[in-house]
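Structures incoming, each one as structure tokens.
Across the two complexes that follow, chain A remains constant while its partner is chain B and subsequently chain C.
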Partner chain A sequence: MSTAAPPQKAPPPRERSGGRLSDGAFALLLTAPGLALFAAIIFYPLLSALFTGFFRQDLRLPGREFVGLDNFTHWLDGDFLAILEQTLIFTVGATLVPFVIGFALALALNTGLKGSGFLRGLFLFPWVIPGVVVSFLWMWIFNANYGVLNGVLMEAGIIDESVAWLGRPGTAMLAVIVTKAWASFPWMMVMLLAGLQTVPKELHEAASMDGAGSVRRFFAVTWPQVRGVASIVLLLEFIWNFQHFDTIYVLTGGGPAGTTETFATAVYQTAFKGFDIGRATALGGLWMLLLLLLVAVYLRITERKGDA
Partner chain B sequence: MTTSGISRRGALRMLGIGALGAAGAGVLGACAPSGAGSPSNGGDPKSKNFDFTSWSLNEEAAKPSIEKIIAAWEKAQKSTIRAVSYPYNEYLSQLTLKLGGGETTGAVHLDIAWLAAMAQMGRLADLGPVAGKGGYTDVALKSGTYDGTQYGLPWNTGSIGVIANAHLLEKAGIQKHPTTVEEFEAALRELKGLGGGVVPYAAATKVAQLKDIFPWMQTFGCKLLDGGKVTIGDDASVDAVTWYKKLHDDKLIAADVDRFDARALFGQGKAAFYDDAIIGKGVTSAQSKDKTLADAMQPMERPVLKAGDTPQALLWGGVIAIVKGKGQDAATEFALHTTTDRATTSEYFAARALPPSTTAGLAAPEVAKDTFTTEWTRKITRTATGSPFWQFAQNAQIEEAVAKQVQAVLVGKSKPKDAMKQAGEEAAALIKR
Partner chain C sequence: MTSTTPTPVSAVGRPQPSATRAGRGTRRRVRKDLLRSRIAAWSAVVVIGAFGLLPVYWLLATALSTPESTFQFPPKLIPTDLTLGNFTALAENDQLIKYMINSLIVASITAVLSVIVATYMGYSFSKFRYRGRRSLMHLVLASQMFPQALLLVTLYTVFSSFGMLNTYTALVLSFTTFTMPLCVWMLKGIFDTVPDALLEAASIDGASRWRTLHSIVAPLAAPGMIAAGLFAFVRGWNDFIFALTLADKEKQTLPPGLVSTYIGEFQTAWPQLMAASLVVSVPVIVAFMFLQRYLVGGMTAGSVKS
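And then the complex of A and B:
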């Protein structure tokens, strides 16, 4: 008679003993320096600044006075909606224009055309130039009185006299969007190209065999495959543009007559030109609430993608 | 076996959170209050080494001559001066932040319009005991005073006025400088007729320098501030802005122009008139390819509304203030030397055409025989006055509030009457704050 051997027990889970750390404690230890740094350089200033929004405080002078919600109502009863509208116009324009350009270039480069490696490097050029330098370059291009653009257009007989691109409400915002689009399209192109390269060639071949033309293949094969990357790229660019500062500040400073003023320039002008730190942080707080909404949308999308 | 690592989803989430973190830090962290109010910026007041902060060190035409002054001092005193600079249009903001944060020490070059704002921060030294040794003119000495205390040693004292290009006036057949607003407008129309992209009057139309509208408002009869009451918004200010808008719409002045653009246009021979301080001759002619331009630059009395009125001009000048703390004593000696030493001021005048602020300096032959300087003093500085808003710490904000409203009129976003009413209300509110 033989007796069956008792089933082997699974090894017990690792427990803290003899000075050994559990996985959780070890993870906490690893993240502690980062958390401490986060608390010191982001969380504390953030709370402190939010708190300042309830005070009248001049950056130059000591002391401050509690004013309740006055700083918030100053904006909400005043320029908040205009600033929001201008921020959205800039954000949507500076997101969609480079997206369209970047996607078109990514599609072209993905066809494997001759010299695509060189072209990819060339198109990345605007992205490696610092934003402020790009803005100064375009400022000279758009200059009303001795800018390159006016010179070229006048030479070509398209305009009779110089146009103040940065000095007129409509064209100023357009100029800012063009400048930002020029700086942003390479990043979007690279991301979208990476997405395009993951689309299996077999899908295109099968679609071709079924008689699908290039437009049909784009909508039936390519777009569904890169839609995820495209939505993330669009949303990230939207969030970044919603906070964007340097291009607008260098080109127009928020002018003319406040027509390109966004949250970023308004907060800067209020804090560092007007020295009104209370109102600046109040506007910054409102701005951050809107950003939180955007980030929540972003997280929701990435969450959904993860679950799918 | 467990695996760890960041999934693509996790990485993207972190990127999103990073965006928010950056926003939070950038948006609000940068606005977090600093500890203002300390009376001194620390350090040893007896130190031989100190900083010298000046916007002129950022300007091509001025930099070499100031560096020369610094080098001579360092050699003579066996000390080190750290030169610090910010562009003029950003200078006040940067200096305010650095001074408030305790980062600025030593000697600081200030526009006289900013003295009140800086003095109210409580970090500037009282230079009364040394100012008496300088031999400064009374007007100059007063430009460095705020609330009865001498906070600045005057370096240069002058005014902002209109400069004309004699070559273009001659080309347009204009025999003499226009003296009334009506004559001025007629002259601008003549000049516009020259064609070739000539901007008859390169007046400021960008916010940064639209404070140049104030002397025009005064020309039309607005007092700006009367007995503590802001008068911007009255009929005179509305008339002035309406006239300015007419010049803009008729393309007698150009859009998107600040001082630097105006100098560039004038230097290219494309502008017949522009507003500048007396320093303009040196700066503009230095950057022009036309070597005869300096001789063609003429100071002009600002046209008046009707014959017999007093031409309006804004006082202008620079002082050197001293920050309490590190290097205070040596910086004070440096400021006194730079602004009063006969050889130094003469050499500086020769390089930059900036008249000195001392009686002896002004009497020096090279200054006295300079026609542009003497003409400028006679035609412009003689009737120049300081802005009534200089006494307020919020002067820069008042100027900007008015400038933004004027710009709104120029680009057609607002009517002169509404804009000036709004500008007056904003200025009054800023004064009360």
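And then the complex of A and C:
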């Protein structure tokens, strides 16, 4: 809006000012180093992994043997559904729980509490610290013998004897979800708070004057304005959780009795503990297929938001 | 993404509606409403605060406790004999210091490499329009979402066949798989804020396209480039799965290093592990203090089209 370029100079003299390349070629040249790197460390490995799913191959040995769909049927006839189910339980839990917490907190901080800036910073801590630290901390909290959770619950008379939270099939998944929720609610809070801050205060005041209670105002005023951010936050978190590895691996390693096994831990264990990379990549291929569906949904949603 | 979303300030400005149309009753109701929402807000903060921050308290309390005091049940919620011994024990552990140096080296190189490569790519995406640009952008965006555990299987075999397992190079390259997409998107967003008029002006003044990028745009975007680098550093610093698998004790970084040091079959030394956890967290916390302004943008780089 500010350029007052003299009209006679409308087509800038590119030939004189740049190299011999056209703009398009120049732009592609700029992407070349990045693309080369992407191709080498992401696209090639991924495609090659998908290919490996059709072979019997040992991680430690050279050579492989084509086995068709054997690796795939191994999973589909075996643990695939159990792993899918557990992955979904983890993913849904670890997405919804922090979303509810983060949203509640964002709404609270958005009412203009004293020191909400400071609180926002403080609450970021669980998200900021490295994932393994989160896992260590909750491992210690959930510890069966000396853990503080057992201590507090026992003092309060809620349980009679120590619970091995991470060692029991019934509670291990719950513990993993709580841990992951603790690490992710802050970023959801920040995102939703940013969304809430775009809701004009006047809208609230007007609705309030017109006699709308806080629940009505939430659904009539707030929700329509943050729906966009909320759906993106939910979908992104869902995609990330769908392939989350660190927390589960450190806390339970997929156990006890495989009850917290997800795609990520199963692929990892099959490849690096079982050394069977044919089977690992076959499961990975199935996993990738599901993930691609999610990513496609995601791309469509961001696409609909329109381009600049 | 952080850009100003212009929100239509609500319709025809209502000047002090309370004074005119709405009577006292409405005003009282609104005030009561406000009080009620205040109470709700504070209770939410307190409850979530307990969930969010008590574990942090426990992390600190344990890190400052003596090893013996943590082997009692029920645990003392307020530790009495505080000590810094766990931290000094860390400083004397040569293996941990080696992990830390590895972490610093690998995360720094990753950050620098990612920012350099992503600067060109992000600039291209931001300031040029050409065929295939959209598909490339989608590819970069989607590559952030590929499963790492699967990627790792081939990366392992490839690095292994080149004899690159257990090298900094392998770690840097594997970290780049997740830092590069992040940096490309962050930097594209930053270049989007550089006005096109500036580029035109530079071109009219006879600056080549390279020069425009290097001496005009890059200095302007420098704070954003540093922020992207810091984000990449943090992500690299926090990585667990790649360093766990592609390197052993010699070249491993802190996160997997701590697992192999402390999480064993024997009784874990919790106070020391908590102290070590705090030490690993410090650089990340410091980085985020600098990143406050870029927080929302960096968290979702690429998740929302700018």
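Observations on the model:
The rule we apply is simple: the second predicted complex is superposed on the first by the 286 of 308 C-alpha atoms of A that agree within 3 Å, B and C clash if a C-alpha of one lies under 4 Å from a C-alpha of the other, contacts with A are read in each partner's own complex, and residues count from 1 in each chain.
Keep this in mind: contacts are C-beta pairs under 8 Å (C-beta built on N, C-alpha and C of every residue); 3 or more make two chains touch, one makes a residue touch a chain.
Because the structure is a prediction, the values reported are computed rather than measured.
Touch criterion met: A:132 reaches chain C, while chain B stays clear of it.
Of the two partner chains, both chain B and chain C are touched by A:232.
In the superposition on chain A, A:69 makes contact with neither chain B nor chain C.
Looking at the shared chain after the overlay, A:299 reaches both chain B and chain C. Within the superposed three-chain model, A:291 lies in touch with chain B and with chain C [touch as defined at top].
Looking at the shared chain after the overlay, A:109 reaches chain C, while chain B stays out of its contact range.
By the touch criterion defined above, A:81 reaches neither chain B nor chain C. When both complexes are overlaid on chain A, the residue A:159 reaches neither chain B nor chain C. Annotation for chain A, partner touching more residues between chain B and chain C: C. When the two complexes are overlaid on their common chain A, residue A:35 makes contact with chain C while staying clear of chain B. The interface of chain A with chain B overlaps its interface with chain C at residues 38, 41-42, 45-46, 48-49, 52, 59, 143, 145-146, 162, 232, 236, 239-240, 243, 245, 263-264, 267, 271-272, 277, 280-281, 284-285, 287-288, 291, 295, 298-299, 302-303, 305-306. Of all residues in chain A, only 2-3, 5, 9, 12-14, 16-19, 23-24, 26-28, 30-31, 33-35, 37-38, 40-46, 48-49, 52, 59, 101, 104-105, 107-109, 111, 113, 119, 121-126, 128-133, 136-141, 143, 145-148, 150-152, 154-155, 162, 182, 185-187, 190-191, 194, 198-200, 202-203, 205-206, 208-209, 211, 213-214, 232, 236, 239-240, 243, 245-246, 249-250, 263-265, 267-268, 271-272, 277, 280-281, 284-285, 287-288, 291, 294-295, 298-299, 302-303, 305-308 touch chain C in the complex they form. Those residues of chain A that touch chain B in the complex are listed here as 38, 41-42, 45-46, 48-50, 52, 56-64, 143-146, 161-162, 164, 166-169, 232, 236, 239-240, 243, 245, 253, 255-259, 263-264, 267, 271-275, 277, 280-281, 284-285, 287-288, 291-292, 295, 298-299, 302-303, 305-306.
Residue ranges of chain C in contact with chain A, taken from their complex: 2, 5, 7-10, 13-14, 17-18, 22, 26, 29-30, 33, 36-38, 40-42, 44-45, 48-49, 51-53, 55-56, 58-59, 62, 70-75, 77, 117-118, 120-121, 123-125, 127-128, 130-133, 136, 138-143, 145-158, 173-174, 176-177, 180, 184, 192, 195, 197, 200-201, 203-204, 206-210, 237-238, 240-241, 245, 255-256, 258-259, 262-263, 268, 270, 273-274, 277, 280-281, 284-285, 288, 292, 295-296, 299-300, 303-306.
Those residues of chain B whose C-beta lies close enough to touch chain A in the complex are 7, 9, 12-13, 15-17, 19-34, 36-37, 93, 96-97, 100, 117, 120-122, 197, 199, 205-208, 251, 254-257, 261, 264-265, 268, 270, 393, 396-397, 400, 404, 407-408, 410-414, 433.
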